[in-house]
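Just below sit the structures, each encoded as structure tokens.
You will see two complexes here that share chain A, one where it goes with chain B and one where it goes with chain C.
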Partner chain A sequence: MMARLYRGGFDALAWALYGFMLAPLVCVVLVSFNADAVQSFPPRALSLHWYWHALNEPSFVSGAVTSAVLALCATALATPAGVAAALALHRSRWRGKAALELLLLAPLVVPGLVIGIALLVTLAGMDVREAPLRLLIGHVLIVLPYVVRTTLASLARLDPALTEAAETLGANRLAAFLQVILPLIRPGVVAGMLFGFILSFDDVSVSLFLVDARTVTLPLAIMSYLQYNFDPSIAAISSMLIGLTILVVVVVERRLGMKQLFTG
Partner chain B sequence: MTKAAISALDGRFASRLGPVRSGRQGVSGASSLLLLPAVLVVCFCLLVPLAYVVVLSFNPPVTGEVELTNELTLVNYARLFLQPFYSAILLRTISVSAITTFLCVGFGLVLALSIWRAPPRQRGLRVIIVISPLLVSIVTRTYGWMVVLGDNGILNTLLRAMGLIDEPLHMMFTQGAVIVGLVHVFLPMMVLSILAAMDKIDPALAQAAETLGASSFVAFWKITFPLLIPGLTAGVTIVFSLAMSSYVTPALMGGRNAGMLTTLIYQQFVVTYNWHFGAALVVVLLTTSLIALALVLLESGRRTRAWLVKP
Partner chain C sequence: MAQVVLEDISCRYDTTVALDRIALTIPSGQFLTLLGPSGCGKSTTLRVIAGLLQPSGGRVLFEGRDVTSVGSAKRNIGMVFQSLALFPHMTAAENVAFGLKMRKVDVAEIGKRVRRMLDVVRLGHLADRYPAQLSGGQQQRVALARALVIEPSILILDEPFAALDRKLREAMQVELRQITQELRTTSLFVTHDQEEALTLSDLVAVMNNGRIEQIGSPGEIFRRPKTRFVADFMGITNFLDGKLVGASATACRIEAAGIAFEAAPVPGLSLGQGVSVAIRPAGIKVTSGQPPGGIAMPGCVRQSNYHGSICSYVVDLDSGPTLIVRESNDDLPEHASARFPVGARVWAGWRREAVHLFADQ
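Moving on to the complex of A and B:
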């Protein structure tokens, strides 16, 4: 009797918590289709009006372009550096290795806000005040540790005999890397790149102190819009981002498996 | 002073690279060349700027001044710890983070257990529901809570429609709203940490206890829970330090009297331009996170090794 009660209570609490996790995202999507400017629930009429409104809001459009270009450039710069470093770390057996690994993963440990401020202050001290440059530096730091981590994880699963075989058969280091190792670790590298890209695109805390009036990323554009307006166009742009993320996740899951991202 | 800081870091950097060149097992020059770009990026774009902020926090406060000077002082820290207005914010930040962490532990255990016990086919779906907030921008998540908790929000509308209340409840812009938002943001991390620990537990252990007559509650409390301690330790420290340094949720969901350390930091850097005091606040925030990290490293070596991805 007690056991059944305990189980029942436990299940009820668990389902309430699943609801809690989903509630805000589901509500955002529901509100985005609401025709009224004032929130009403359930919606009286459905419309795509707010999607149109969001796509015509200049700060969202320029923010989306800025964020996309920034995330692309940061991923493009961080990936070769991260893969190269992971490769060297994987191969080496010397004692300082753990310290270097820790160093390369350090950007994960330092709060984003602190990274942003440190860059702002240091670059201002050097009289560098260009927002695009300091944003790029900050976002490379966001992407780099994820590429290092997922590449290291894929390398760890690699059979070392494969490289040796390639080299025995006459391939030099570069050829062995390009023709044998790279195709095998590609899923891990791509998973790290995608995760890094999403985190860079969604980032608020690093960018918060690095943007200026002319260069604003999408999440910060949404945030400043939110401080003065509360119409459902925020819900519409948010729903589009949710849809985009689901798309990326489905692709990653189909092609690589989500486990790549969380079990580094 | 900057140069001193840079050369100090260079020194540490060189001592780290030392073994590369002279180590007995040795690494080829090509390997250290491969490491160079990433290591340089982290050193010059993260470690040097952090050192700069630390030095700045010990310089006397001059509004608008960003160059480092040789004058060292504790004025900025004294202001934070001795003025009641600021120390109250510090205490509030710590207590909000502690409450958030406490709730995450309780809810995280329930969710992780529910995922663990679920039939294999449902497991994936449950995991995706729990981590779904991680995949959306924090601004979107926070806006979602504003839609749910607002005066004309969904929760108030539902409660009114059911006739439970006449006047809307004021839930937004309170301490409670901040905690709800933070728990939602960080619960996935807690669940993932606990699940990582659960994966290493043999389910037969709890079953054996139940066969031998323990109720499922006792079996959980006496058998499963102690084995979860490493995962919980990691989760607690991760959630606590992330909650301390969260900005968006308190800024958007907190009212005028719910300011946290991060919103105060934002004020110093963007509104009042008192960068020296701001730098001191950043150092306090960073120290707290690093102490939390040190706890992870010391308390659960097993998980740390997995996290560092050793071959």
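Moving on to the complex of A and C:
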């Protein structure tokens, strides 16, 4: 009896938490179909008008292109670097290892705002003034820790004798990595890339200091639009982002098995 | 199938010496086992031969060629790891093919050799299974096939059967012995299990503290242990402290545990020198009365244990020391589980051949 009560209570709490996390997203999606000119909830009439509006807003379109290219490039640069760093950390036995690991994961803990300001100051000092380059450097820093983290976790689960086995069979270091280690850690690497990509695409605080008038990322474009307009096109663009994220997650789940990525 | 020679191999980590000037020859086509307790250096020796560890001194020769500075990828060795280290994302056939692929053997040839080798280990029908879909014994055989298909100069096995249950392990031992004899592969096996070593090997090298204590055929090691350590490791558990009191060309006379008795002569011992007297548990006979002739001491049964085909007794001798005795249960009446109850007064006697003498260090 008591056990059932506990169980019921636990389930209720779990559902309440799901509701708490998802309700705002559901609201945004509903508002995006609003036909009115102001954001109101619940919507009184439905239309796709604001989607059309959002897709015709030049700052959203160029922002989306900038963010997508930026996130792709940052992920493409951070992934090999992150995997290499994780391999080195995994193999090394020296004393500074823990410190280096912490350093590589620091961008996860240090507030984005601080990273943004630090980069701004440093890059200005180095006379790097092009916004695209500054953004790329900043976003590599966003993606890197995720790739390192998930790759390290995958490596930790491997039998250390696998590389030696490949080597005794005649494989050089590179062949052993490409044919044995990489296929086995791929789920972890992909998970890190995915996290990194999404967080780069979504970032405000680091980018805030690195953009200029010509190069603006989508989240910042949305923010500046919001300063002067409060129409449902914001909800529409947000809903599209939610849809895109779900799509990516579903595709990855289908191809690799998301569960395996996170629980190992 | 090559002769493998270690010359003066030393290995040091910081201050500890893992290998202390090891010299070892594995004759071509022979099966040699390194036997010893954990930490004795047997795994280090194996890694040096495999090229996974660079020795601090000495040379490794394969068929007379110095390979000390050659990496393991270029040594042409077949290795079976303790964890097997099968590639989990490859099928049994792909695992076996890996070494040939790395050697750039042409595809048709790879297919042929992989199939032939899988047949040798009787896994032809499971070629397309992944390691996770195979039983422990089948995984062992994939690992063995993967190591053998490249026709290695030497097959190296690092306690591969340690994780198997007794029955499967014995079956795998028989199979391994048969396969290596069939292919005439020079083999190096590492284990801490003396029975396994004696079963499999042409030669056994007993290691202790980074040195080889004794090397010889299984029969030699078992019957004529040269040091107290080897005797102990071979299951001779009875040691009495004694003294050499007489010696002739055909016998020497020992005083131990309050009596004097004869043993086979041991060269290099001097009169009055302290010796360890080792007596094999199976070499001692327990009787209720004093046996006629031979060596015997009175005592009392402290413990009797039934092990199925054999019985063991712990006998406290009146003169002080304790002996462990093992005897066959062949003559035991059907319902009895021991010939002597705990507390029985008995005589423990042995033939002179059951005694080994070691000079005290």
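FYI, the second predicted complex is superposed on the first by the 229 of 264 C-alpha atoms of A that agree within 3 Å, B and C clash if a C-alpha of one lies under 4 Å from a C-alpha of the other, contacts with A are read in each partner's own complex, and residues count from 1 in each chain.
Methods note: a contact is a pair of C-beta atoms (placed from the backbone, for glycine too) under 8 Å apart; a residue touches a chain by one contact, two chains touch by 3 or more.
None of these values were measured; they are calculated from a predicted model.
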item	value
Fit or clash between chain C and chain B when superposed on chain A	fit
Touch count on chain A, higher of chain B and chain C	B
Which superposed partner A:Val180 touches (first chain B, second chain C, both, neither)	second
Contacts of A:Ala166 with chain B and chain C, given as first, second, both or neither	second
Geometry of the superposed three-chain model: angle at chain A (Cα centres of chain B and chain C, steps of 10 degrees)	90
Touched partner set for A:Leu25, first chain B, second chain C, both or neither	first
Chain B versus chain C - smallest C-alpha distance in the overlay, whole Å	7
Touching both chain C and chain B, counted on chain A across the two superposed complexes	none
In the complex with chain C, residue positions of chain A that touch it	159, 161-162, 164-172, 175, 179-180, 183-184
Of all residues in chain C, those that touch chain A in their complex	50-52, 71-79, 81-83, 85-89, 98-99, 102-103, 146, 150
In the complex, chain B residues that touch chain A	2, 16-20, 23, 25-27, 30-32, 34-35, 37-39, 41-43, 45-50, 52-53, 56, 66-68, 107, 110-111, 113-114, 126, 128-133, 135-141, 143-148, 150, 152-154, 157-158, 184, 187-188, 192, 196, 215-217, 241-242, 244-248, 252, 262, 265-266, 269-270, 275, 278-279, 282, 285-286, 289-290, 293, 307-311
Touching residues (chain side chain A, partner chain B) in the complex	2-3, 6-7, 10-11, 13-14, 17-18, 20-25, 27-28, 31, 38-41, 78, 80-82, 84-85, 87-96, 98-107, 109-115, 117-125, 137-138, 140-141, 144, 148-149, 152-153, 155-156, 173, 198, 201-202, 204-205, 208-209, 219, 222-223, 226-227, 230, 234-235, 238, 241-242, 245-246, 249, 258, 262-264
